[in-house]
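Dropping the structure in here first, questions after.
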Amino acid sequence: MLETDFCGLKMKNPTVLASGVMGCNAALLKRVAREGAGAVTMKSIGPKEKEGHKNPTVLEWEHGLINAVGLPTAGYKNAEKEFKELEKCKSPVIASIYGSSIEEFTEVAEGIIGFEPAMIEINISCPNTKREGQIFGTSPEVAAEVVKAVAEVCGKIPIMPKLTPQANNIAAVAAACEQAGANAICAINTLGPGMVIDADARKPVLANKFGGVSGPAIKPIALRCVYQIYEAVSVPILGLGGISNGRDAIEMAMAGATAIGVGSATFYRGIEAFKLISDEMKTWMKEQGVKSIKEIVGAAHD
Amino acid sequence: MSELPQIVKITKVQRETGEHHTLFFNFKAEAAPGQFLMVWIPGVDEKPISLSKISKEELAITVQCKGSWSKRVCGFESGTKIGVRGPYGNGFSTEGVKKAIIVAGGCGSAPLMPLVEKCLVEGIETKFILGAQNAKKLLFKKELIEKLGDNLYITTDDGSEGTKGFTTQTLEELLGKEKPDCVYSCGPEIMMKGVLDICQKKKIKSQLSLERYMRCGFGVCGQCVMDDLMVCKDGPVFSGKTLSESAEFGKLTRLKSGKEVSLKEFGDWRQC
Amino acid sequence: MLETDFCGLKMKNPTVLASGVMGCNAALLKRVAREGAGAVTMKSIGPKEKEGHKNPTVLEWEHGLINAVGLPTAGYKNAEKEFKELEKCKSPVIASIYGSSIEEFTEVAEGIIGFEPAMIEINISCPNTKREGQIFGTSPEVAAEVVKAVAEVCGKIPIMPKLTPQANNIAAVAAACEQAGANAICAINTLGPGMVIDADARKPVLANKFGGVSGPAIKPIALRCVYQIYEAVSVPILGLGGISNGRDAIEMAMAGATAIGVGSATFYRGIEAFKLISDEMKTWMKEQGVKSIKEIVGAAHD
Amino acid sequence: MSELPQIVKITKVQRETGEHHTLFFNFKAEAAPGQFLMVWIPGVDEKPISLSKISKEELAITVQCKGSWSKRVCGFESGTKIGVRGPYGNGFSTEGVKKAIIVAGGCGSAPLMPLVEKCLVEGIETKFILGAQNAKKLLFKKELIEKLGDNLYITTDDGSEGTKGFTTQTLEELLGKEKPDCVYSCGPEIMMKGVLDICQKKKIKSQLSLERYMRCGFGVCGQCVMDDLMVCKDGPVFSGKTLSESAEFGKLTRLKSGKEVSLKEFGDWRQC
C-alpha cells in the first residue's frame, strides 16, 4: 500500500532519507536503505573539497535541530568510490549537488552524471553558506537559471531543485523551476537561519553563530510550502521538514507530497525512523480504509 | 529537555603527566564507562572527550595537550567554565565477564579508568596493560598501581619503565598463559588493530573504543562513520567481531570534509 | 535590577505584552500590567472595522501556536474609549497600527495620536493578510516609506516598526527603518505563514488555511533576527518570538533586545508569565552577579 | 500533547426538542460540569459548546439549530466526524454547597445537566427551574423530571406548560421560602442579570455561566473579554460577586471585530 513511483524511482515506501543526514558514505546509506528508507539522498556534493565549519555544528534545542555544518564535501572528484559502492543499494539513490555559481552547479552535475544516480537533487537552498545556495533559492529567476543549466547537462537523469522556505513566494520559485525543466520539486531545506545563544556562556553556541533549523519546529512551515507548491506545479513533490511520525507523513502527503523526506527524525527516533514511520502510515491507512498512499496525495486541497 | 551544552564550572584540575590534565566538574548525568561528552569551549571549538571519572557527585575528563583546542583546555584552572553535553555513545559492557584484560595505549587510559572501577566493583578479575612512549607519559600509573597492584603491567617503547616494547607483546604473553572472557582496549588505532588480531587468533572476545572526527555526537550528521556504523552512537565501543568484519577499521578514516584517507596518512594523532 | 528605559518608556521590567495577545480591551491590558508586564501593547488597530477570519483562528500545535485571526479591529474610530481607560494603566501602553497602504497607515496614526500612546508600533509584518503588512515588511525600501510617512504624522511620539522574519535581509530592513525615522525596532512578528493539517479530517485546520507561527518553535529565528538587527542599528530593540522563561529573556537581551516581548508564553504559563519571567531573570542575574539588565544587552556579540 | 482538534465520530444523535440535538461521541478527557469544547466542523467553522453529558465512556454536546454552523450540526447523523478540543474553562464549583437552586433559560440547560448529575451524586438538595418560550422548547424536561421529580419547576413565557412567566419570578418565590447555599444559572444574559439581582438582594451566592464570542478558547487571543476577564479561561462560570462588580455583565458584549456593543443591540441570540 505504500509503494510509490516518484519520477520513475520505484520506492517500496515514500520515505526518503534527507540530504546531509547520515549520508556521508555509501555503506551507511545502504544501511539506511536496509533499515527501511524508500530512497536515500547523499550528502550534498560540492565542486571542491571543503572542511565545513568548526564545532559546534549540529545541536538539538528541544523543538528541533539546528545545524551549520557548512557543507563539508570531499568534492565530486572524490566521489567515485561511494557511487560505485552505491550501485548495490537496495533503494534508489538520489545524489545532491551544490555550487556557488551556475558554473559550479553544472561542473558538479557533469562530474557525477557518469555515475548515473537515480535522480539529482539541486541544493539551491542551504542557509549556512553566504553565497552558496541562498541567493539561488529565493528568486524564481535565478532558481530557474540554475535548473535550466543543470537540466542541459543531465540528459535523462531526473533533476529536482531543493527549495528554501525563506523564499517570499515559494510557489513562484517552484513554478519557475518546473518551467526550466525540473522533473520534481524538493521542499523544504532548513528554515532560517536561526541562532542558539547560551545565557551562561553569553555566546552563540554554533561556531558559525547561525544555522538552519529543522525538525518538529518547522513542520507547519514545510506543510504550507508543499501545499502552495502543489497548487503551482504538476511535477511530483518530495516534501520534508519536521516529519517525525506516520501521521506527520500522512499530513505531508495530503499537502501534496508524493515522496516524504525524513532527516531530523533520525535524532528523535533513531535510524529505525523510516520503518517506524512506514508502519505508522500503514496503521493509519488501514484504520481509514485507504488502500494506496496515492489516494491521499494532495487530499487536503479542496 | 534539550541536548544543548550546559555550562559547568571546573571544580578541580589535576595534572596527571606533563601533557595530561584531568578536569573535574559537577554535571548530573547517568553515565557508563566508555561514554563521552561533547566538550565546548565557548567561542573556540567543541570536541568529543571520554569520561575518565564517573561518580554520583562529579565527572571528570582527561585531556592530552596536543592541538589548538586541547592546549587551551590544559590552561584551564578551577573556576573556568566549559560547556558539556552528553553523555553519548554506548560504553563498555561487562555482561558475563568474570576475567578481563584491559589494554591502554597513551591517553587511551582515560575511558578505561571508569571501566577498571566497574570491574573492581563487580568482582571481575582484572589485569591492565598500560603502555606509553616513555615513563613520563604513563597516564594514571599511580592510580592503577593503587587499584590493581601486581595486576598492572607496564610497557614503554623505550624501556624507561616496565617492559620495553609494545602493549601488544605483553598481551600476547598473557594470553599464552590465560584466557580472559574479554579484552578491552583503547589507544592508537594501529595498536588496537594489533590487539584485535591477537584476540581473533586466540578466539577471545574483545571490546575496542574507537575515534573518528565527530560533529553532532548523536548519530545524525554521519561524519563519524566507519563502514555503516556511526562511531558516536553505534560506538565508540565495538566488539572485536564487528571490527574483524570491518573494511575500514585499522585502515581508513575520514577528514572533516568527509574524504576518506588511510590511517597512516591521517597521522598517528592519538599516538599519545 | 530589571528597570528599563526603552525609548523613554519607563518600565519596571523589560517584559512587554505582545500585540494581539489579550490586548483587545483596556481593562484586560491593565490587568496584564498589574500582573507584571513592564509595558503592554494593544492589539493592532486598523483603518476600519473588520471581523477577522472564521474559526479556527488560533491553535496550539505542541511546539508553538499558529494563528490566523485576520487582524480583527474595531477600527481607530472606535478606539477612543479604550485609550481613555488606558490612561490609568500602571505600565506604559504601546499602540499598534496596521494598514494596507501607506495612506491607511498614516490615517490610523493620525486617528490615534491625539490619545498620546507612549509609543506607536507599526505592524508592517502580519503574515495573515494578503496585502496588509507582508509586502511592507519584506522590502527595506517599502518599509522605510511607511515609517517615514508615519513619522511625519506622529511628531514626538516614538514609533517602532515591527518586522517580519520572512524578510530576506532583516538587518537591511531595520537599517532602512532607522534611517527613515524609527525610534526603535520591534522583531519579530509571527513566522511563516505555516499550516496545520488534520490527517483524519484531510483538511487544513485554520479556516484561513495559513497562519503565523509563534511560541517556542520560533525562538532561534527570533534570536537570529534580533542579533542581526542589533549589528545594523543603534536604536533600541524590542525583541520577541518564543520567549517563555527568564533564560529565554536573558538570551534575547544578549542578542541585543532592550525590551522583551511575550505573547504565546501566556498560553504555556498563563497571565502570570510576565511575573514568572521577571523573577527568573532576577534569579539568574543574582547567580551570575549581574547587577542591571542593561549590562547584558547585546552581550552575545563579540 | 498539543491542543489541536481531535476528530471523533458521533456515536449517537438524540433529538431533544424540535430545535435541540444532542450528539454523543467518545473523547477521553477529564471534564467538569460547566466546561466546554471547541467543536470544529472541518471546512466550516468552530464554536464553543458546553458539555451536556459527562461520563467516563462518552461525552455529549447539545446544540440548538440556529445559525449556519448549528444548523449543519443538527443535520449530523451518527458516524459523522467532528473535531473537538478542550475541555476548556473553569466549570461550576459545588464546594461547601448542601442546597442548590439551578435556573436554566432555553438551551442554558445544556451545561447545567452535568451539574445536576454532580449535585445528586454529592447528595446536594437540588431544585431546578426550567424556563422556555413555550412547552415545545423545554430542553431536557423528561430527564429532569426523572431525576428531580417535584424539585423541577417549569415556567414558559406563554404559559403553555408549567407556570406562565419567567424563571426569575419562580426563583424569587422560592427564595422567599428558602435559602440555598448557591444559585446556579445559565441562559440568556438578560435572564441571568435578573437572577443575579435577586441573589444579591437576598445575599445568596450564585454562579452564572456566560458567553462571549470566542476564538482560541484558551486565554490567548483576548476576544472573549468581559471587563478584565477572559470568559474562556477565567470563566465561563463566574461568581455573583465578580459579576456584581462588572461594568459589562448584562450590558455589553463584543462583536467579532472587538467592537463593543450593548447586549440589546447584539440581539438576544441565546434567547432560545
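Lettered A, B, C and D in written order, each chain numbered from 1.
Note that a residue touches a chain if its C-beta (ideal position, glycine included) is under 8 Å from a C-beta of that chain, and two chains touch if they have at least 3 such contacts.
This structure is a prediction, so every number in the text was calculated from the model and none was measured.
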Mutual neighbours - chains that touch chain A and chain B alike: none
Based on mean C-alpha positions, I'd like to know which chain lies farthest from chain A. D
On a C-alpha centroid basis, what's the spacing between chain A and chain D, in Å? 51
Whole-Å distance, chain A centre to chain C centre, using C-alpha means? 33
Roughly how far is chain B from chain D, centre to centre by C-alpha average, rounded to an integer in Å? 68
Would you please write down the residue numbers of chain D that are in contact with two or more other chains? none
So chain C residues touching two or more other chains come to 61-62, 196, 198, 200, 202-203
Treating touching as the only link between chains, describe the layout with one word: line, ring, star, complete or other. line
Please list each pair of chains that are touching. A-B, A-C, C-D
Provide the residue numbers of chain A that touch chain C in the complex, in ascending order. 61-64, 66, 138, 166, 168, 191-200, 202-204, 209-210, 213, 216-221, 223-224, 227, 247, 250-251, 254-255, 284, 288, 296, 299-300
Chain B residues touching chain A in their complex are 1-7, 38, 40, 42-43, 45-47, 81, 83, 214-216, 218-223, 225, 227-230, 247, 254-260
Interfacial residue positions of chain A with respect to chain B in the complex: 20-25, 27-28, 30-31, 43, 49-52, 54-62, 65, 67, 69, 72-75, 78, 81, 196, 198, 200-203, 205, 207, 263-264, 266-267, 270-271
